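A short worksheet on the structure shown next.
So that you can tell them apart, the chains are marked A, B and C in the order they are listed, and the count of residues begins at 1 in each.
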Amino acid sequence: MSKHAFRGLYVIAAVLLVLPFVLPNSFYVDLVIRMAINAIIVLGLNLLFGFAGQISLGHAGFLGIGAYASAALPTFLGWHPLLAMAAGAAAAGALAALVARPIFRLKGQYLAMATLGLGIIINIVVRNEAAWTGGPDGMPVPAMAFGSFEISGDKHWYWIVAFLLCVSIWASINLIDSPFGRALRALHGSEVASKVVGVQVVRYKVVIFVLSAVFASIMGSITALYVGFVTPTIADFFHSIELVTMVVIGGMGSIYGSVLGAVLLTALPQALATFEGWETVVFGAILMLCMIFLPRGLVPTLAARLGKGA
Amino acid sequence: MLAEFLQFLFSGITVGSTYALAALGFTLIYNSSHVINFAQGEFIMLGGMLAVYFTQTGLGLPLSILLAIALPAVVGLVLEKVAIEPVKGAEPVTLIIITIGASLVLRGLIQIWLGKGTFSLPAFSGEQPIEVLGATLMPQSLWVMGVTAVVVCALWYFFARTLYGKAMLATSYNRVAAEMVGINTDGVLFLSFAMSAALGALGGILLTPITLTSYDAGIMLGLKGFVGAVLGGLGNGLGAVVGGLLVGVLEAMGAGYISSSYKDAIPFVLILLILFFRPNGLFGGKTTDRV
Amino acid sequence: MALLEVQDLSIHFGGVKAVQNVSFSIDAGIVYAVIGPNGAGKTTLFNLITGIYTPTSGSITLDGQHIAGLSPDVLARQGVARTFQNLQICMNMSALENVMVGAHLRLDRNLFKGALRWPSIKTRDRELQAEAEELMRFVGLGAYTGARADSMSYGALKRLEIARALAMKPRLLFLDEPAAGMNPKETLEVVALVRKVADTGVTVVLVEHDMKMVMNLSDRILVLDYGRKLAEGTGAEVRSNPDVIAAYLGAHA
């Protein structure tokens, strides 16, 4: 990864700067905000996927933890939303660490099974504990405020999310080139080789999973704060699969692929809004076609065709 | 006390039988290809939904059931040919995602074709409850348990005594070696998908008179069947049956004695526990890697 | 005191006794070879010492410290490096990066600093890149410093593994069949390379089948057969040992 890598970031930053002035109405601004939120989540998920070679089938569960932390803690315990967000992230991280440690000691795709179970359990808890979560109907989320200044609406959240996206991309590029990132990529390339050079394989996998869980939780909180309302669908199985689809289509291990995947697949449900069954079919078809014909995802495949690395 | 326990036990074994059939399906496919087929649940759903559809078009129960087993088997074959064979050497993650995609496609198509309603089948031999030591047992439950037992025995015979069955077993132990002795491992894979789908569909059909069916009934049934397979030891046929039954029973017991609103969570707590404490399952062995 | 001491080492895989009561010691700075017919347990012995397997019984001490059963990443911290018979290269990375990974333990691996592009990390990485290029030239891969690992030949990748191992600045280097699959010319190049490595002071232990290479390079040789130690000594001693001759050539040689 070289100077080239940052060029994409500059382009994205420029686009994000200009968009609010160019977009016709707030429907589109809302769409871009959702795309950016998904992009950040997918970046985190892709760290796990692309480098540890492991898949999380329950990542929406971590989103749910962050979202409901931001809803319940301020509402029932009077916590400041920022503190609630931190608490959600800490809880998600702790849960991820707890589950990951024994799982990563095993060889094989056990994380998929474990996260599947975890995600479903979180979803059921959220649906059942109506006193804390509002049950299947959900609950409102108090806005983030500092003194008398309240952060609400797309006017504020657009800039916050855009900034976070740029920082996330920047940090991810740096990370991949750093000794830590190199060790991660080596881990994906050959676990045995990385072990013999001193990489503590289990620990690295746990760290990366925790990181992706924390990313997800924070973005779950932000989604909740932005929308002002949270329902259990944020933590359901299909949402987890949507996230996996974004990783897959964009490219496992590709930073810009994560962004592309998020952009494409956030827009897609809008286009298919009235065709519910078709949405499921199309997502499924995309997953299958991508993995059969473009297993490396759109961005890495295109990049290879064009002759440079991504 | 006893009556209550028996009630939960019967309902657990009934549902557990369907889980057992699903778990067998997972095991068959896993053994011939190391693929975890997340579309297994949709085969269960297809069985129930197609049986409903055919009976509603007036075909009569026996023929409908036959078709509702045969068609999913064909779907399984198509899935294998179209989505699994082309990517034979791919990483496990790739294959998992493909099967997840397939499950979405199947579910979506059924949703479009047959809608989001809930449907039922008439019980095979009536609804007259049978009394056993204070607990009630529906005749349909006996069908579920009985047919499952017969199928399991037939499968045992198939694998232990017939050439085809032994060929399939050989493929699961060592694919390359099996090919070397002339076994058509692609054919084995092909067959395993068909059998797996048929098993799932059968389980779905048997259960529909009791639990009803809908376009999204497959998700939970399939996943719980998967938990059963892992509990028994992924790849172990006997383990799959025992595991599936165990999941059903534990789920029913948990729902009855602890909390019914968390009924669905029980199998998934179970899978986490298995992965933490005994990842090879009850009957699974240990393996080592050569470096 | 010897650098590496192995006492009564055994490992059983179910009923298979892959290594049985093997004892030997290796002094620092020499080239030590382990030979034996196929299936004698040579790679298994390597795997035992480098932490891939845990012995059923016996002890392994490195500089007086017990290391049996410790995992490879812990041993890496003790200065133990190895290459693999069947190559363990990260094909998803460039050749240079594969070598740079070898220096893993010598770097600041903090992920937050990495993500924030900490200047000290960037500087160290630039130095490391130069170091890695130098190592690649040392093993004769100077032409490949810009290549991706998946574009290189088997022989080149074997050398790359050696470069990676050297990046660890090890004191003990295990080479598992470094000349496997090579023609006579390539084998001579490998011999020269191993000599070069040994001359830098690294203790080299190698498994090899090529007798000429082994006799040429090694200061001492261990002969294994069916998991047991058959003989140990200098090349001349081993060559004339009747048991060794019988094992290799059959009883009526």
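The rule is short, and it goes like this: contacts are C-beta pairs under 8 Å (C-beta built on N, C-alpha and C of every residue); 3 or more make two chains touch, one makes a residue touch a chain.
What you see is a predicted model; the values in this text were computed from it and never measured.
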Next item on the list: Taking each chain's centre as the mean of its C-alpha atoms, give the chain farthest from chain B.
Entry: C
Check: Which chain is the middle one, judged by CA centres?
Finding: A
Notebook entry, point to check: In angstrom, rounded to a whole number, how far apart do the mean CA points of chain A and chain C lie?
Noted result: 41
Checklist line | Geometric centre distance via CA averages, chain C-chain B, whole Å | finding: 48
Margin query: Roughly how far is chain A from chain B, centre to centre by C-alpha average, rounded to an integer in Å?
Written below: 32
Note to self: Where in chain B do residues touch at least two different other chains?
What the structure shows: 291
Next item on the list: Among the residues of chain C, pick out those that touch two or more other chains and give their numbers.
Entry: 52, 84, 88
Check: Which positions in chain A touch two or more other chains at once?
Finding: 192
Note to self: For a test of understanding, state which residues of chain A touch chain C in their complex under the given definition.
What the structure shows: 171-172, 174-175, 177-183, 185-186, 188-190, 192-201, 207, 211
Next item on the list: Spell out the residues on chain C that touch chain A in their complex, using ranges where they run on.
Entry: 50, 52, 71-73, 75-77, 81-82, 84, 88-93, 97-98, 100-102, 104-105, 107-111, 113-117, 121, 125, 164, 167-168
Next item on the list: Provide the residue numbers of chain B that touch chain A in the complex, in ascending order.
Entry: 36, 83, 86-87, 90-98, 100-109, 111-112, 219, 223, 226-227, 230, 261-262, 264-265, 268-269, 271-272, 275-276, 279, 289, 291
Check: chain B touches which residues of chain A in the complex?
Finding: 49, 53-55, 57, 99, 102-103, 106-110, 112-114, 116-118, 120-121, 124-125, 128, 192, 237, 241, 244, 248, 276-289, 291-292, 295
